[in-house]
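Following: one structure in structure tokens, then a few remarks.
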Amino acid sequence: MRSVLPTGRGRRHFRRGLAAIVLPALAAVLGPGTASAATRHVWVGAAPATWNAVPNGRDVLHGTRLGPGATTFPTVVYRRYTRNWRKPLRLPYEAGANAGRFTGPLIRARVGDKLRIHFKNMDTLRRDAHSMHFHGVEYKPSSDGIWLPLFSGKGGRVKPGESFTYRLTAGPDSAGFWPYHDHSVSMDESIAGGMFGGLSIAGRDEVRADREYVVAFAPWHGFQTINGRAFVGNTPVFEARVGEDVQWNVMAMGDEFHTFHVHGHRWRTAGGTPEDTRGLGPAESFRVRWREDAPGTWLYHCHVETHMAQGMIGFYRVRR
Amino acid sequence: MRSVLPTGRGRRHFRRGLAAIVLPALAAVLGPGTASAATRHVWVGAAPATWNAVPNGRDVLHGTRLGPGATTFPTVVYRRYTRNWRKPLRLPYEAGANAGRFTGPLIRARVGDKLRIHFKNMDTLRRDAHSMHFHGVEYKPSSDGIWLPLFSGKGGRVKPGESFTYRLTAGPDSAGFWPYHDHSVSMDESIAGGMFGGLSIAGRDEVRADREYVVAFAPWHGFQTINGRAFVGNTPVFEARVGEDVQWNVMAMGDEFHTFHVHGHRWRTAGGTPEDTRGLGPAESFRVRWREDAPGTWLYHCHVETHMAQGMIGFYRVRR
Amino acid sequence: MRSVLPTGRGRRHFRRGLAAIVLPALAAVLGPGTASAATRHVWVGAAPATWNAVPNGRDVLHGTRLGPGATTFPTVVYRRYTRNWRKPLRLPYEAGANAGRFTGPLIRARVGDKLRIHFKNMDTLRRDAHSMHFHGVEYKPSSDGIWLPLFSGKGGRVKPGESFTYRLTAGPDSAGFWPYHDHSVSMDESIAGGMFGGLSIAGRDEVRADREYVVAFAPWHGFQTINGRAFVGNTPVFEARVGEDVQWNVMAMGDEFHTFHVHGHRWRTAGGTPEDTRGLGPAESFRVRWREDAPGTWLYHCHVETHMAQGMIGFYRVRR
């Protein structure tokens, strides 16, 4: 199986050095390398962050310039940590960490695995209760992460400074890409602020793709964002090489419906129908996958016209 | 085959005594018990009703109280009657009657059956013409239930005090859950007021589920309702036991798109892809079904965030 | 194989004489009659047009009259031409031309074919740059038809008076119905003005349907239109005979989501589930097909209620 951590993609997407990271040592923590079932421990915090949706200050399609004051806001996001939340895990998003960025860490597992998500509320910004609610996996009601008065347990309302461990199982119907998100009292506000992320669960004998991209469509302060970023040059630049097996993990959060489109590529539905555009609404998610054979710089975007105009568009670069 | 009228669910959903109902005698009227084709007669009226979308006066998620003046309005709904509209059929909704409630009676049939829907317009509130238009079944244009000037027959414009019989056939492509609704002159107003319901058509040799739930998403006077009710504690509480075969019949009416989600459960698409959230728009409908194995109290809801906040959320209780 | 150019449908849809058209001579130009791969040349211009969305001046459902001043506007549309853009091709839309009408020509091909789309910008109305971006087919980035500063080639920004040839291939995943549209600088405005159309690509050994209808849902100046027309009597009247094999090619452009419904008919998804209503968003497209067996005059429409009320509804006439 080829590397799941291609440096090219990581470098361009995150612009941070990866030199200090010893990749092999992380394999056991970050994702399944083999098909043997495992119990995977993941440490997540809800932490304050200052987020700029348009760091280059440009809407290049419309020739508009945007100052940081119009694009930067404080928020609370899911961040991945080392064991016992000792320190933030600084890794590319695709490797299962996000270093305090909008859109929580990509959590990876395999059918048969157990997941122990150790969640700590570090919200010193709004000081709200938070939670994690996971789609696609099996769990008991105590790990549902919802809050309702007189009904919910601690996992649905983790107060600032407190922690909770969600116990999840990737069952036979869990293969796929799934969202997770805050489902506590303040969920309307916190989801709008970026408290969501994705679970990528491989089938028991599935060979992982060479590349996995996450595309999370959500509005943010009037922008239409992909992983919290708006406009070409700010949104993620996904990279691949001809011959690689690439997987797009797509989800949406909020109130709106979107249509995911990639230029110059097609895929098939489970029923066998070719597609190059697929609609999805809030909390819907899917993965599409192909063997790359089309070199060039392509666009991927939401095809709702005003969403594209408000930032939901990015580059996909395929090298020979 | 197990009972299709579990008292637990009926009791909680409708809060009415079922003591007077002799269930076996109703089997021939209400739905197919065996696979032999039949002609099924159903008597429906469009009748005035006063409907309270939030009878307990609470939006418990946001801690808001709502007086009945803000949640109760007169409207016209489809109601199921005994033969020749002699008297309203007082039965749980799932059994094929709704006793004058928002969301018309669940009409059940099997592929191969003929349906004779005897419709009477009893609208003494607005005194509008009304009709019934059915999805999923076969019929001649005279039973289409639409109204257009210089074009439509009587079935598309049944005047107050008049009646019409729609002649339908459950054909080979009719298995599934389908909406029906007013398609007469006043359809914009009457659909907004609740003049819609569902048809549940089993395949010729299909074993019926033990439980069938109807989830009809529609706006009503500023609320986002499920079967005309808004907020947990008002929306239907669906009940099941571990080991039962449960079927969710989901539809939407109006202008908006929704995403149906059930906590702690997954199902598969016809193509085999696992899901726990599915989008649908006006007049789209589907059914999902599983063998229950997850005890607990769960939420089901539309995952569009503002819809959930405006009431589109309810409880699903699974007992051991 | 039966004719793909039934005169009945052409006559009603376009109200223009077809007497002068020698159909057999056009077969080689307009579409594949056999399964041998070919290179197909299509000549398209972006040309000014004056378009009336409601030529009969009536919203017959609501009894409203609309003067031409409220329904007619200048715009720019894709028009099909003879070789070297010598003159507009005057043919029924279904035959691959549209004579300057809203919704560009239906371009037909077969898996294995190459397409050479010769595009000329004749926009003397707004004098904007334009392009053509095609879904569903294979092409190199130079034929992608998108415009981004410092990035795109000539094909993404064809200036008034200039031309460009897009080189496309109908590959193994190209069978289906697909949109094409302007993706140049002015795309928001030009798509809203009608610069979109459809590609119908048959499988390599697929027998073409007897009838192919195009249903393009898009807003236009406050109307909700099908192929640029609003309200019954203005929207296309699709015609068939009992026994014919009919195919509906459905697409949407703009910002909104729709649900396509045909009265009195059902079809199956690729996974085998019966349907009579299917949702789609911007740039999503699909085709459904059946052997006609239901004589009568039926409605087809978008089932979003306000869309239907604002014009997205038409007739489908099936004769014995």
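Note that the chains take the letters A, B and C in the order they are written out, and that residue 1 is the start of every chain.
Here is the rule we go by: contacts are C-beta pairs under 8 Å (C-beta built on N, C-alpha and C of every residue); 3 or more make two chains touch, one makes a residue touch a chain.
Nothing here was measured: the structure is a model prediction, and the numbers come from that model.
Novice: Looking at the contacts, which chains touch subunit B and subunit C alike?
Specialist: In this structure, the chains that contact subunit C and also subunit B are A.
Novice: Taking all residue numbers at the subunit A to subunit B contact, is the shared part over half or under half, that is, same or different?
Specialist: different
Novice: Once the Cα atoms of subunit A and subunit C are superposed, what angle does the rotation have, between 0 and 180 degrees and to the nearest 5?
Specialist: Answer in degrees: 120, to the nearest 5.
Novice: Can you compute the centre-to-centre distance for subunit A and subunit B, using the mean CA position of each chain? Integer Å is fine.
Specialist: Measuring from centre to centre gives 37 Å for this pair.
Novice: Which residues does subunit A have that touch at least 2 chains other than itself?
Specialist: 257, 269-272, 279
Novice: In their shared complex, at which residues does subunit A touch subunit B?
Specialist: Interface residues on the subunit A side: 133, 135-136, 138-141, 144, 146, 148-149, 151, 171, 173-176, 178, 187-188, 191-192, 253-255, 257, 269-272, 279-286.
Novice: Touching subunit B in the complex: which residues of subunit C?
Specialist: 60-61, 63, 232, 257-259, 261, 263-264, 266-274, 276-279, 294, 296-299, 303-307, 309
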